[in-house]
Amino acid sequence: MSIKGLIDDLVSANHILFKEGVVDGFGHVSTRDERSPERFLLARSIAPATVRARDVMEFGMDGEPLSPRGRKPYLERYIHSEIYRARPDVISVVHSHSPALIPFGITGTSLKPVFHMSGFLGAAPPIFEIREAGGPATDMLIRDRKLGAALARSLGPASFALMRGHGAVAVGGTLKQAVYRAIYAEVNARLQSEAMRLGTVNYLNDQEAANAARTIDGVIERPWELWKKRVEE
Amino acid sequence: MSIKGLIDDLVSANHILFKEGVVDGFGHVSTRDERSPERFLLARSIAPATVRARDVMEFGMDGEPLSPRGRKPYLERYIHSEIYRARPDVISVVHSHSPALIPFGITGTSLKPVFHMSGFLGAAPPIFEIREAGGPATDMLIRDRKLGAALARSLGPASFALMRGHGAVAVGGTLKQAVYRAIYAEVNARLQSEAMRLGTVNYLNDQEAANAARTIDGVIERPWELWKKRVEE
Amino acid sequence: MSIKGLIDDLVSANHILFKEGVVDGFGHVSTRDERSPERFLLARSIAPATVRARDVMEFGMDGEPLSPRGRKPYLERYIHSEIYRARPDVISVVHSHSPALIPFGITGTSLKPVFHMSGFLGAAPPIFEIREAGGPATDMLIRDRKLGAALARSLGPASFALMRGHGAVAVGGTLKQAVYRAIYAEVNARLQSEAMRLGTVNYLNDQEAANAARTIDGVIERPWELWKKRVEE
Amino acid sequence: MSIKGLIDDLVSANHILFKEGVVDGFGHVSTRDERSPERFLLARSIAPATVRARDVMEFGMDGEPLSPRGRKPYLERYIHSEIYRARPDVISVVHSHSPALIPFGITGTSLKPVFHMSGFLGAAPPIFEIREAGGPATDMLIRDRKLGAALARSLGPASFALMRGHGAVAVGGTLKQAVYRAIYAEVNARLQSEAMRLGTVNYLNDQEAANAARTIDGVIERPWELWKKRVEE
């Protein structure tokens, strides 16, 4: 894909995540630069719904912008840089404060796949506790490389992690996959909360989850086309 | 009705099911071809909200497209073909992952009619468990005729069935009736969940449900006109 | 007000009740004809959101249209006629299947005013049980004068009544007041359900409810102007 | 900022609070007049979504309009005047009946910060009980200076207070901060209710809350730009 195509997709991803209720005025999404895997693309510090191509900046693996030209970066860009450092397989990272996920993180409730659309959650995804790496008096933000590295360690090889009192990260092998996971983790959380109030939940087993995730990966263009159409209207 | 009229209604049904929150990027709706009851019409593998007349394909009772011309069919078209095979009275089938229904399927909670709009649910609709026919390691999808036939057996003579960890199917004697049932099954699930948290629920009895369903069938054009107007705006 | 002004307001009321989530494809709102209190105005049998001035018909106190000219009336017009017969103070009636209210009716949970906007609910409004007047095998509808009269008796002098397994009626001394009550009864139900899950609820006492209702009656034009603006956009 | 700029921002704030679901036909937002801190600006008695620049009036510290010219003020303007009198640090006040907050006030449930976006809530904000100052038979409204003063005392040095059976007030050192707090108090309430149903909640501790609030204050323009864009569309 051309760099222009990549940036256009990243702009769409920003708008989609807002439209689908995953981010509000806060949250961000990045993608590695295909031409140079030691670099990644991320907007300057503005609301995702308002991002345009000219707001996209390039960052190095230290989380610092290569050519800021007066544009202010997100305080939490180290979420992205440290996950890219730890996970060569990750091509895209979404960070959000997605509403249905917050209650899981702050009660320590395990998120688990309730249906085939969220098989990527696998066994329960990790919950990152900032107090372990940052102590009891942080401002909750991943505002430096050390905290970013701690978050990446907590994520481990998973596709998704909750962050206590803060939000979540979803990662993917493509931008579309990371966006898909961010959206359906939120959907899964809503359904799981509701189901836990109705009775004992029969989750997907590990094989069902893995198989369903593989199948869905093959049709991921389908919702992407819909999401893109909705933000272009 | 002309074939053009039938296809137009099927396109509207796709858009309506999205607008009313029954399908998202996934889910599908089909109708028998009136000219030839051994054939049915179903869109190619795209999001329902984006379906246009030229995306509608014709299928035989084996679930295979008659004239694909490069258009990719839905993996789960066997939901439709096998229900049509088993149920000559069924003219239309809706498959969805309707959000309020998932918690019922995965907790084994019986869906029951809470008001006159959902009398068609009758006594508790069946819950399809794919593990019984497909074993413990499927990808949850109805991806062949055998699984489709098992789902049709589970549905039996009912208007509606839940699918554990997946979604639901609604069937009807007309396209409009199947769409109506898919929409109001979702509404019923929302209301029933809420009611079960408030206290002991006084459901419609069997006679009330059957009588209400008959009355509503007589005025089904009323919501259809509204739903159509909303998607045309 | 001129008859044209009255009909315009009734059309607006239909659209407002849809926009604010009180009615869907079903439900209806009527108003007495100011020129002739033994007559009332109500749309023909179509979805409220689609009502235009030419759909409004005039009815007598027997619930029958005076000049149908081929237009089909609502099956449940007797809700309106029998309440007008029993309650000379009532100038407008709204009937809905408002979603947050259904769970109250079917669990026998008393609706009570949680805040000053819903003081009109007073002490717990009645719940109409159709089985008492119609037996165990109705289709749940108020489809004749006898059932309408039973509903009116159940309503008594109240501003609002729940109907088990069906919906609710709100009445008012003006069209705007009935619409206001239908909208805020629904809001109250949502808030009360949520509050009952959080803890023991401290409701408005009888004096607070009565005083708040009187105050709100004085500023009822304020939300009406907003609601009207929203449906005209 | 020019007086025109201030009024424009106040008009935007009115529209934003409606769009973001904090106010409906009722509720209001004011700001001190920077040129004269003993005066404040507040719309005449209309729905926030419909406020235009010419609807903004100026009030003195007695809560009375300086130049009404036939424009009717809100009955509850004393909420604003008495808080401004008691709190020289407060530059803006939002009063709402924000839906997720009502259940907290009427059950006496403490609102607490569940994530970094709502650190401004600090330790549990106060709940104002009008019966203490106004007795058991008010109409629930802050309709005079005495009740306004009682509310201001209940608020004390906090950023936010619940009002039992009525709503809430959010205050800020700028208009944007007060709007931010009104919006995220509502978000916090939704998340906290949901979390309390899932399990035992791990809230931000006092240091986390204070630090997060300070950080967020530095990026408050980000959501404001989004909210403004949304109401201008």
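Descriptive notes on the structure:
Per-chain residue numbering starts at 1, and chain names A, B, C and D are given in the order in which the chains are listed.
In this section, a contact is a pair of C-beta atoms (placed from the backbone, for glycine too) under 8 Å apart; a residue touches a chain by one contact, two chains touch by 3 or more.
This structure is a prediction, so every number in the text was calculated from the model and none was measured.
Listed by label, the chains that touch chain C and also chain D number zero. Chain A and chain D carry the same sequence, and matching their CA atoms takes a turn of 90 degrees, rounded to a multiple of 5. Centres computed as Cα averages put chain A at a distance of 32 Å from chain B.
Rounded to whole angstrom, the centroid-to-centroid distance between chain A and chain C, based on C-alpha atoms, equals 46 Å.
Multi-chain contact residues of chain D (touching two or more other chains) are listed as 197. The list of touching chain pairs reads A-B, A-D, B-C, C-D. Touching chain C in their complex are the following residues of chain D: 24-26, 45-47, 49-50, 75, 97, 99-100, 102-104, 106-109, 136-141, 164-167, 193, 196-197. Across the complex, chain B is touched by residues 114-117, 119, 187, 190-191, 194-195, 197-205, 207-208, 211-212, 214-215, 219, 222-227, 229 of chain A.
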